[in-house]
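Once you scroll down, you'll see the structures, which are given as structure tokens.
What follows is subunit A paired twice: with subunit B in the first complex and subunit C in the second.
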Partner chain A sequence: MPAFDLVAPGTSDEAIAELRASDPGEVAVVAGGTDLLFDLDDGRITPRKVVSLRRLPWRTLDWNGPTLTVGSTLPLRELENDPELRRRIPGLYAAVRAVGSVALRHQATLGGNLGRSAPASDLVPMLLALDAEVDLVGPKGERRLSVDRFVIGSRRTALAAGELIRSVRIPEARPSAYLLQRVRPFHDISHMAVAVAFSPTDARWRVAVAGFPPRPLRFPEAEEALGGSTPGAADIARAAEALATRAPIVADKRASEEYRRQLVRPLLARAIAATRIGDR
Partner chain B sequence: MTPSEIQLRVNGRPSRIDSVPTDERLLDTLRWRLGLKGTKEGCRTGMCGACTVLRDGRGTLSCLLLTHEADGASITTIEGIGSDPVGRRVLDAFDAAGALQCGYCTPGFVMALTGLLREGGRSTPVDEMLEDLGGNLCRCTGYATIVRAARSAREEGA
Partner chain C sequence: MSASARPDAPAKLSGSVVYGTDLDVPGMFWGALVPAPVARGRLRRIDLGPARALPGVVAISAADVAALVDGRAGDAERPPFPPEQITYLHQPIAAVAAPSPGLARAAARAVRVEVDGLPAVTDLEELFPEWPERAIDDPDHLAAHVRAGRGDVEAVFRTAESVVRETYRTASVHQVALEPHACVADVTDGLWHVRTSTQSPFGAREDASSILGIPESSLVVEGAWVGGGFGGKGAAFLEPYALLLARAAGRPVRLALGYEDEFRLGRTTLPAVLRMETAVTDGEIVGRRVRLLLDVGTSLPGRDFATGYAIGFLLGPYRTPTFEVEGYAVRTNKPPFGPHRAPFAPQAAFVVESHLEEVARRIGADPVAFKARHLWKEGDRTPLGQPVLPFGLPSALEGARATAERWRREAPSGHGVGVAVGFWSTSTGAGGEARVELTPAELRIIQGEREIGSGSVVVGIARVAARRTGLPFERIRVEYRDSARAPFDSGVFGSRTVGALGRATDEAITALLRSLGERLGAPGPAELGIVDGQIYAIHGRTRRSIAELWTPAEEAQGAMAAEGKHYGKGGAIDESLVRDGQFYAFTDFTGAAHVAEVEVDRETGSVRLVRYAAFHDAGVVIDPASARAQVEGGIAMGIGTALTEEAIWADDGRLTNAGLVDYRIPTLPEIPPIEVHFVEGFAGAGPFGAKGLGEPPIIPVPAAVASAVRDAVGAHVTELPLTPERVARELKLL
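Right, the complex of A and B next:
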């Protein structure tokens, strides 16, 4: 791969200025680097300049009542090791642990996972089920977008030229679960994944599925079928039927559509069963 | 613009390295500039764990880290791990269990396990610790003795 200029600004204004000073096609951003180095190696990107976020003060994690805010450059392993996360948002804990290996999670970041926007992201479906939002900074100031609006497709996000993901805001800790099917039990990419969360505020379920293109998505028909806090077997079966027959699940090189539609039923049922409401 | 000089502390010794290209990875800096060839290149894509080193005490994939991004860090490789009490315990456990066949994956396993034991030690359930070793692969499939070594290194840390 051809060498590039590497800059590590110390403030977000300087970082934005560095991005603005280059043609968008010629500049890349590095946080943990675990995706970027792949892309550099296979020539998918050939930046003239790489802007490192390592000096920005964004390696943060803050609980404020039920709300969790995670800085975009916090390594995922530090999020995983937060003493509160496992108990208060078990689905997010499980989704973080599904990403790569421990060594990879010491490098990889939540912002990087969102920015990469992979169809088989473990984090995006869970963030969808948690109604999470991203806080962006850019040349025109700050803005907040739902993760649902931010993620568009594979490697496509709503990030504008010169913008950076500063943090991710999870408005409410929720009983939740994340289950996935993959070939190896650890350190592998999902063929199909289901994220569920139950909001104590509106007493409704959120259901998101992932693993297939173009992007992870919520499926409201399944959420409706689950009804209130303790869905019965018939409710779960109706939700699973809706997902298996009507969700926009497709094939790609890693799994067939038929296989994925079969997987989604048990994954949903087990995810609902694994969610402990009132036991946070 | 290429930053002129990188400072690393490698196995306890301060090291200043000049003229490192921006696209160079820590793996290559360790092996080819510093001559520390105990750190192995396996897949170069972060899938096998053979290149694991400790960065500021944490297991890190040196194949997926730009050397410039590690500027200022303290790096421990297999050559220096014996000076760390936890690392020493892991080396002894691998020795006692005969936990290697061809040996290529061994430095990565030793570094990864040392990092895990320093992070969680006995507070991490043994199943979780073994799950957390899942980022390291042994092509000889010599896992039984590696798992035995990992269990015993964890027990001895009581």
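Right, the complex of A and C next:
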């Protein structure tokens, strides 16, 4: 690994200044580093400077009524251990627990997972189903984007030069579930995953699928098929059929397209069944 | 067993143990290999100039080897660097050494290589689409051909009541030792020295000296603590490159593989295709025909043990009156085939057991009863005519059958219980020697092996010594010497360490005890005991301290010494049955029957191990705690072979999953509770009747898991590993 300068600014202004002081191709940002370090080690990226976010005051978790705001550098293990999360957003709890291993989650962060934007991210599909938003800070100030608009493709985001993810905002706690399929059930990359959430505000379902390139995505046709709070077996079957036949699912080295299309049916049905809606 | 009974535990737990990858010598350079850029092609030109232009960098290629070994000629069949033809991607074609690891990597990248690439050959079935209907006669790709048989198979198949024919496929699996290959070499005053992570210091010495053409007496191999071997560290691998670089650099050179290169260069089990045919009449097997197409990658000439070895397992431990077995070893553009814990035996057991289960089901027989009826018993002859020695597999299978019946009664819907057997021969034909030294305070075993993790050296041979002498285990110390100073030993492989090195130790101790008996004036060998903290020789009521018994010369040496050796006598096969190639005889008959309970997801194909039981004939168990751990570890490893492990090559010869992300070994949550049982009363050739236990625990695992999957959901999967997608296909989900 070629040598680089490691800086750890204490304020967001300093961090942004550090980013602006370098050519965008020569600077990398590290939060937990669980993904970035592979690229550094393999020489896939060769930055001259690495800006660490570890000293920024972003290691936070706040519930404000139904809204959850998670600082971008909060280790996933701390999010997982929040006493409210499992009860209020069970799908996000399951998605966080699906990431790597306990040891890795002590290091990995929500902001890092979004910023690195892997097609098989276990967190992005759940954030999509929760209508989550990212709060960004950059040279031109602050802005808020939906996760759907933030994630552009495989390893591609809407993050502008000099911009950082400060936090992730989940507007409301939702009954939700996250189910995945892997070759090995633990410590593996999901090759098919389904995230579902039910919004108590508009009484509609959100359905996102992931595990294949280029990126996790919502699938509105399945959401519409599910209808209101208590979809019947026929509704679920229609939604699953829509996903299995019309979602833009493709093959890669981890699974064939036909296997993924088959998997999405039981995963959706089980996810809906696992979602406990209060008054149902 | 108390914690102190594992003498290497404190250093391993505290991290102070020095593994091969920890070796760090003052002033050493860092080595790196220059990889071939294509899987197949002709090397037109290597320009080391740009690498040599970097500060301090030493670079060598095939053209430099002769001068570095002073004009001596190494084995022409196994040059360290290919002179012209590249046969696998990342094949080392040059090597560099530099003052820092970063510079070494940069230097390796700086070497300019010009090649004429050719299309790679990677797929057996694409290469020979008409096999097995057509025999293979292709000298370019045929590395070995083995064939044996008895009786008129054609006639038996024509007249049999029923014939079952199936095709199976098995995957390439890697050893995945936690520690990659690593060594540090130095050449000073004509003495070649390498410290290395090896399962066989003497084997590495023989190999490296043959490859380089230097006399064995000029080469010293010193073992480092080994972070797992599983067969992958048996022969010389990095050592010749490190030695050449050290010679060129005039200073020590460290060479170690990164984990991706462990996969890319690894010598391991490669894919195979098998055609199985069985003829049955009146519920009895009357004929078998087994045909094997085995990928041996870049086969190493003269070292094609693979096919004859693999095919020896393919009739299973079953009586078979009329049979024909035929195997082809096929060269492809992959790294060389090499031993992976029980080379090809787990794959063979998967195929044989699954196939015979299919045969039994087709004739309406209970698979376990059908197998039990055909199993070898002591006194039977193997298909190749060797008499079967004491063999506990029938008892083990009886234990497994009873457990499986109970579990099946208890199993909920979606669960299944499977039973399978595997067998193995302890490689004690590969000999060993040991020296023991007795002082008033301790008994030292002086020998040449490093512990590779199983405990066979630090615990196994020490337990043999404790048991023979009567001394407490804590009074036995196993000492290691390098290849110049240790008694010869063949290596830690083939379930042989306790059997052969343990027997050599036992012989040395027996000689010592006999000598002590004579000194006591007793009619037979003495025993040892502790009196007031000192070791005494004891016979009946006579007891004398060692200090009273040793000669002035021994006192001056500080110890009484004795030597022992053991070169096991293998059995013999009936050579008249062999029509082509080499087949191997057994020295011992070990075996195991396993029971797996699984839960299968009918909608996704996922398989979860629920619980597992193993019944092993290990002869007389020398150290119960180590034996149990060895069985558990083998099962854990076998679960990987069964369910997830598969090295996948693309058409261009690239390994698509070189790394631990997509080459999936089991992790702790995948390992179910494991019951371990030993069936007693079947003595082997090892000390006190021990048999080996290195390989047997992994052998039945893929077969037992596949049998359980079939029991659970009816999916008869004929290809390893049983990934969820393969099971889903068999469930007709896609």
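Quick note on the criterion: the second predicted complex is superposed on the first by the 278 of 280 C-alpha atoms of A that agree within 3 Å, B and C clash if a C-alpha of one lies under 4 Å from a C-alpha of the other, contacts with A are read in each partner's own complex, and residues count from 1 in each chain.
Heads up, the rule we're going with is that a residue touches a chain if its C-beta (ideal position, glycine included) is under 8 Å from a C-beta of that chain, and two chains touch if they have at least 3 such contacts.
Just so it is clear, the model here is predicted, and its values are computed rather than measured.
Of the two partner chains, both subunit B and subunit C are touched by A:H187.
When the two complexes are overlaid on their common chain A, residue A:G278 makes contact with neither subunit B nor subunit C. Residue contacts after overlaying the shared chain place A:G65 against neither subunit B nor subunit C. More residues of subunit A lie in touch with B than with the remaining chain of the pair subunit B and subunit C. After overlaying the two complexes on the shared chain, residue contacts for A:P83 are found with neither subunit B nor subunit C. Residue contacts after overlaying the shared chain place A:L40 against subunit B, while subunit C stays out of touching range. Looking at the shared chain after the overlay, A:R254 reaches subunit C, while subunit B stays out of its contact range.
Within the superposed three-chain model, A:L104 lies in touch with subunit B and out of touch with subunit C [touch as defined at top].
Residue overlap on subunit A between its contacts with subunit B in one complex and with subunit C in the other: 1-2, 101, 184-187.
For subunit C in complex with subunit A, the touching residues are 102, 601, 603-604, 606, 608, 643-644, 648, 656-657, 661-662, 664, 666-667, 669-670, 723-725, 728, 733-734. Subunit A meets subunit C in the complex at residues 1-2, 101, 181, 183-189, 253-256, 258-259, 262-263, 265-267.
On the side of subunit B, the complex with subunit A involves touching residues 1-3, 21-23, 25, 44-47, 49, 52, 55, 58-61, 63-66, 68-69, 112, 115-116, 119, 131-132, 134-136.
Those residues of subunit A that touch subunit B in the complex are listed here as 1-8, 30, 33-34, 37-38, 40-41, 50, 52, 54, 77, 81, 100-104, 106-107, 184-187.
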